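Here come two complexes built around subunit A, the first alongside subunit B, the second alongside subunit C.
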Partner chain A sequence: MAAFVTKRLALALLVAIFVSSISFSLMFLTGDPAIAIAGEGATEADIEVIRRTFGFDRSFAVQYWDWISGAASGDFGQSFYFNQPVVELLAERMPVTATLAVFSIGFALLLALPLGILAAVKRNSLADRLSLALATVGQATPSFWLALMLIVLFAVNLRWLPVSGADTLAHFILPSIVLGYYASPSMMRLTRGGMIEALRSDYIRTARAKGMLPRTIILKHALRNAVLPVVSVAAVEFGFILGGSVVVESVFSLRGIGYLAWESIGRNDFPTIQAIILVYAMIYVCLTFLADVLNAWIDPRIRVA
Partner chain B sequence: MKFLSHCSTATALAAAAAAAVLAAPAAQAGKADNSLVWSSNAEVTAVDPFFDTSREVIVLAQHVHDGLVYWDPATGDYLPLLASAYRWVDSRTLEFDLRQGVTFHDGSSFGPEDVAYTINFGADEANGVLNYGDIKWLDRAEVVDADTVRILLDEPFPSALAYLALTLPILPEGHYDAAPVGTDGKKRYQAVPPVGTGPYKVTSFKPGDHVDMVANGDYFADGPKGKPAIERLTFRTITDDTTQIAELMTGGVDWIWGMSTDQAQMLKQAPNLTVLNAPTMRISYLTFDIKGSAGSDAFTKPEVRRAFAHAVNRENIAKNLMGESSQVIAAACHPTQFGCAADIAGYDYDPAKARALLAEAGYPDGLTFEFYGYRDRQVAEAIASDLAAAGMKSDLRWLKYAALRDMIREGKVGVANMTWGSSSIPDVSAITSYFFGGGPDDPAKDPEVMAIIARGDSATDPAERRAAYAEALAKIAEAAYWVPLFTYTKNYAFSADLQFAPTPDELPRFFRASWK
Partner chain C sequence: MTTAYTIQDVAGPSPRSLMWRRITGHVGLMIGLGGLAVVVAVALLAPWLAPHDPYAQDLSRRLVPPVWAEAGSWAHILGTDALGRDYLSRLLYGARVSLLIGFFAALGSGLIGTTLGLLAGYFGGRVDAVVSFLVSARLALPVVLVALAVVSLFGGSLTVVIVVLSLLLWDRFAVVVRSATKQVRANDYIKAARAVGCSTGRILVREVLPNLGSTLAVVGSLEVAHAILLESALSFLGLGVQPPTPSWGLMVAEGKGMIFFDARLVAIPGAAIALLVLCINLIGDGFQDVVAPQGAS
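And now, the complex of A and B:
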């Protein structure tokens, strides 16, 4: 297990270095960042001032080293738009996105696991078909449309929940349902597939022969194996929810990281964009690493693979 | 997100939401506790017009701060605000007697040192204020005595009062001294908490999210702003306009603006809301390649430009696409601006006359051209359709504003439908002087017009200014250097229990609002 963890950690570190260099290079891929910041009406003198002010006149390697060494110590520079340290911006916005992501993945698992198990146990039944239909609709529904429909029903008509904002946990219910529902179909289908395969296996047949209760067989024996791929997918979906919540954060007026990323792109706020990419990449790397370790812990065969 | 705002599905859903809620009265938390929540889609970074030039910050600044003077939208006069009187000493010197007994929100007394500090801070280019372009005519301010201050101008600038009213709120002396230093070693002036003398004090501010304010109990009642009636005022950023509408309908916010005409029409059905279409200071116009550098000499001919003016049914476009408060204009300025002459002869809608003028200019079979726009596609398409009906067929090209402006400056655009908001400055110097005073955006660079405008720009006598601008506007209209089209409007929606009146400068005055 120790060798496995070490190998995965080394891989994660390599990915982190690679992503950091890519995210830093992004600023230069669209041309001279000084021109982009200055805007189209700026004179050459204005651009030169910006170039010197932001240090774009130094070599790429020097700029990269400055940035990465700063980032390693938690200094991502100043946001061009808010003119405040990017790390402060991230610290302000991250709790909103993290709360939204945790609630969403929780809702997705609460929806996906029971329906996936039900669909597998009652294979080809009406329940199976309905679960499949729910999953298909979930993936086909645009999140902004679902968000507005939920606002119309629960906030405008029934007045049960607030429309927008992040003042209380109640403000996170509707956005979490939207994001969670979108994330649930893949987990639902994987649970179903894994459960069908597990229920066919010899050890389940043996368990049945021993007269174990169906509930014990399903939840204790079959689900433990079936849930393996779901753990990996849940980790990836969690990362997706963190980064892909732009539309939902906008509709529900949640000041989170996803919305900040979207707006920062429009404003050419490079330090903020770079920091968000790097932080998200690190979160993905950590989540994938944790999923690998978790899988290896659940299934010892993976450790030697 | 803006793309959602323009999405027809979202609009349809908003309509569905409205239809669903029409029978249900909105919660009126604002009226019950004498508070008001207003919302817009801009993310405010600082409650300081020196360091955030968005319209929302100018609105907020009018509540938190006071300028030396106040523009009264009802009369068009500049009334003393933090000043008690003012006078032009000469064409480059303004002198202000200051109001007595005024205190800042932090308890410090207001005096001439504060005025000098604010003006000198803004006028110093090294401080990097973002609205420097609006105030670069300022040289410095000097304290004359304990009650008097003088502002010296770099050059004669008669519309200085307009800018003093709008973009120069007075801050306490040393306001920026405690600005924190950023990781780049520079002072972060925008991080300094807002302190003003205005009718509201900021109690909480989260950049990009909200600004909470409470009425300033010590505010002077005899000023032109008056004492505020509403006790607590909150600004909330809600970027999605359908979400704003849903919040308005459920009582989460009391006041919104900037909805589309469709959305405004839909909201009018709600009995608990007041929906208004009000004028703004933005106008729409056609501009031409008068120098003929874009590859055709057609637009160098006044007959062709006049043909354009006769071909567009401006009344139709104004009423159907802008709203009922839009008005057709003949002069190259907004009717509410100082110096915008009302008696300029325009061009009536007459396609037959347009065809005749084209024939007279040597285009009996009509002409084809590239037509550029950047703001309202529906408007541009309606204009293109009218022009085509009179024999002027266009190929519509759509660009970003900055790119189109640069192309116009470089003489690469034959005809474009442009708009100009004058930064809400109620003075023709913000539009006519800007576009016809010989600057980079002047399409004609007519020496005669430039000389007349220079005369108006340097005179301090209002009558002399009016006369000069009227003469210039008449010449611009006669030569059809522009085809002024119509004024823009803005839609407002708010609780029917709120007493509120919009103004053409697009600066909602919540200090004048009250609950019925």
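And now, the complex of A and C:
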């Protein structure tokens, strides 16, 4: 187990370093970031000043090292547009996105677990087909459109929920439904598959033979074994939710990290964009690492591979 | 009394006709194929089907309601948008953008992913380790954010969106092709090809690749759908296809401001995206069922 964890940790670190260099070099894609920052109509002298001020005249390796060693100690530099340290911006916006992500994953589990269990227990029944249809349609619906349609229905026509903003927890209901709906199909499929396998196993047959209540068998014995892989996928989906939050946050005007990303991308605010991409990638790397370790801990066969 | 038996009676239906029967018997697959055929036809025939020029603005006829509304007329079946452009014509032309980007982005990412997957699955060892490292790194990057950032640097256009999505969506191709190649590699005919001295390139292209057809078709259709959804999201956020090009995602964005007065402007193009993606996903899922009926992925 220790060897497995060490190996995974080393891989995670390598991925982190590689991804950080990609997110840093995004700024240099068009050649000279100074020109992009200066914008249209800037003179050669303006560009030269910007180049000096931000240190773009140094070699790429030096600039990267400067940035990544700063980032490692929590200093992502100064935002060009907001004129304040990027770390402060991230800290201001993080609670909104964190709340959104937790609510979303909660909604996804609330949707996926019962439907997955129902679909497994009553295979090929109407419930099974309905949950499959729900997942298929969900994967095809653009999130921004679903968000707008929910706003029209629940916020404008029925007036049950607020349209946009992040003042109360009620503001998080619609965005979480949208994001959670997207995360649910993979979990639903995994719950269904895991439950079907668990229900087929010998210990369930024994439990049935002993005359246990079907409900106890399903919820206590089978679910316990089926739910663990779902937890690790939930960790990965959490990362996807963070990445997808840029669309939903912009529709609902939730001023979280996703909204910040959208604002800074439109304004060529490179330090902020780089920091957000780096932070999201690091969260993803950590979550998949934890999920791998969790899986290996549950299922020793994985440790060998 | 003599009975004439043909080969078919003894051998049963040929594999080809069996496959055909499975395809035509799969309801989801047929619905998906039918739906996609309609959209492709619309995209190709848009100049003849569209009642108006999709770019022609008529400020005296702004926000004309659709034909089913009281004030609507058959002149503008889906009404007009805020600039007086015929909504049906824009919707028909919008199919072109979605299909073009979906197809070419899947093609580009398919080329990258298949190459990496073939190399990783065939050579194993270090090559495999490098490819799985690249896949992990790609998965760690948030697709929407990176795509937005890159498109904003280069300016939104069809080509930029296609290139960016090609560079971001190859991971599933690589993973699936890698494991399929591993299976194919174990076959005797690969050993035979190596024994007679075929070059590695020839073995990969002539012996391994033809066996991956169904795998590539399944992943390919899912990635077409994925790319269409991402394009619509990028265009919706203003960093994809630029106005006045009729893109469905952009049309939703343009209608967003009027959503409280005229939800039609948002509902119609969004529903078009959802239906197209649904059809393509049905094809992918259906094809998966047809080639692997046991449900083994």
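Here, the second predicted complex is superposed on the first by the 287 of 305 C-alpha atoms of A that agree within 3 Å, B and C clash if a C-alpha of one lies under 4 Å from a C-alpha of the other, contacts with A are read in each partner's own complex, and residues count from 1 in each chain.
The rule is short, and it goes like this: a residue touches a chain if its C-beta (ideal position, glycine included) is under 8 Å from a C-beta of that chain, and two chains touch if they have at least 3 such contacts.
In this text, all values refer to a predicted model and were calculated from it rather than measured experimentally.
When the shared chain is aligned, subunit B and subunit C each come close enough to touch A:247. Judged by the touch definition given at the top, the superposed model places A:265 against subunit C, while subunit B stays out of reach.
Contacts of A:65 after superposition: neither subunit B nor subunit C is touched.
Of the two partner chains placed by superposition, only subunit C is touched by A:143; subunit B is not. Once chain A of one complex is fitted onto chain A of the other, the partner contacts of A:162 are limited to subunit B, with no touch recorded for subunit C. By the touch criterion defined above, A:297 reaches neither subunit B nor subunit C.
Judged by the touch definition given at the top, the superposed model places A:151 against both subunit B and subunit C.
Of the two partner chains placed around the shared chain by superposition, subunit C is the only one that A:14 touches, whereas subunit B remains out of contact. Touch criterion met: A:255 reaches subunit B, while subunit C stays clear of it. Across the two superposed structures, the residue set of subunit A contacted by subunit B and also by subunit C is 144-145, 148-149, 151-152, 156, 246-247, 250, 262. Those residues of subunit A whose C-beta lies close enough to touch subunit C in the complex are 11, 14-16, 18-19, 22-23, 26, 29-30, 36, 136-137, 139-145, 148-149, 151-152, 156, 239, 242-244, 246-247, 250, 261-262, 265-266, 268, 273, 276-277, 280-281, 284-285, 288. Looking at the complex, you find that subunit B touches subunit A at residues 1, 4, 7, 9-10, 13-14, 16-17, 20-21, 24, 27, 43, 45, 51, 182-184, 188, 190-191, 206-209, 236-240, 242-243, 246-247, 249-250, 252, 400, 402-403, 405-406. Across the complex, subunit C meets subunit A through its residues 133, 136-137, 139-146, 148-150, 152-154, 225, 229, 232-233, 236-239, 249, 252, 256, 259-260, 263, 266-267, 270-271, 273-275, 277-278, 281-282, 285.
In the complex of the two chains, the subunit A residues touching subunit B come out as 39-41, 70, 75, 77-78, 81-85, 92, 144-145, 148-149, 151-152, 155-157, 159, 162-165, 246-247, 250-253, 255, 259-260, 262-263.
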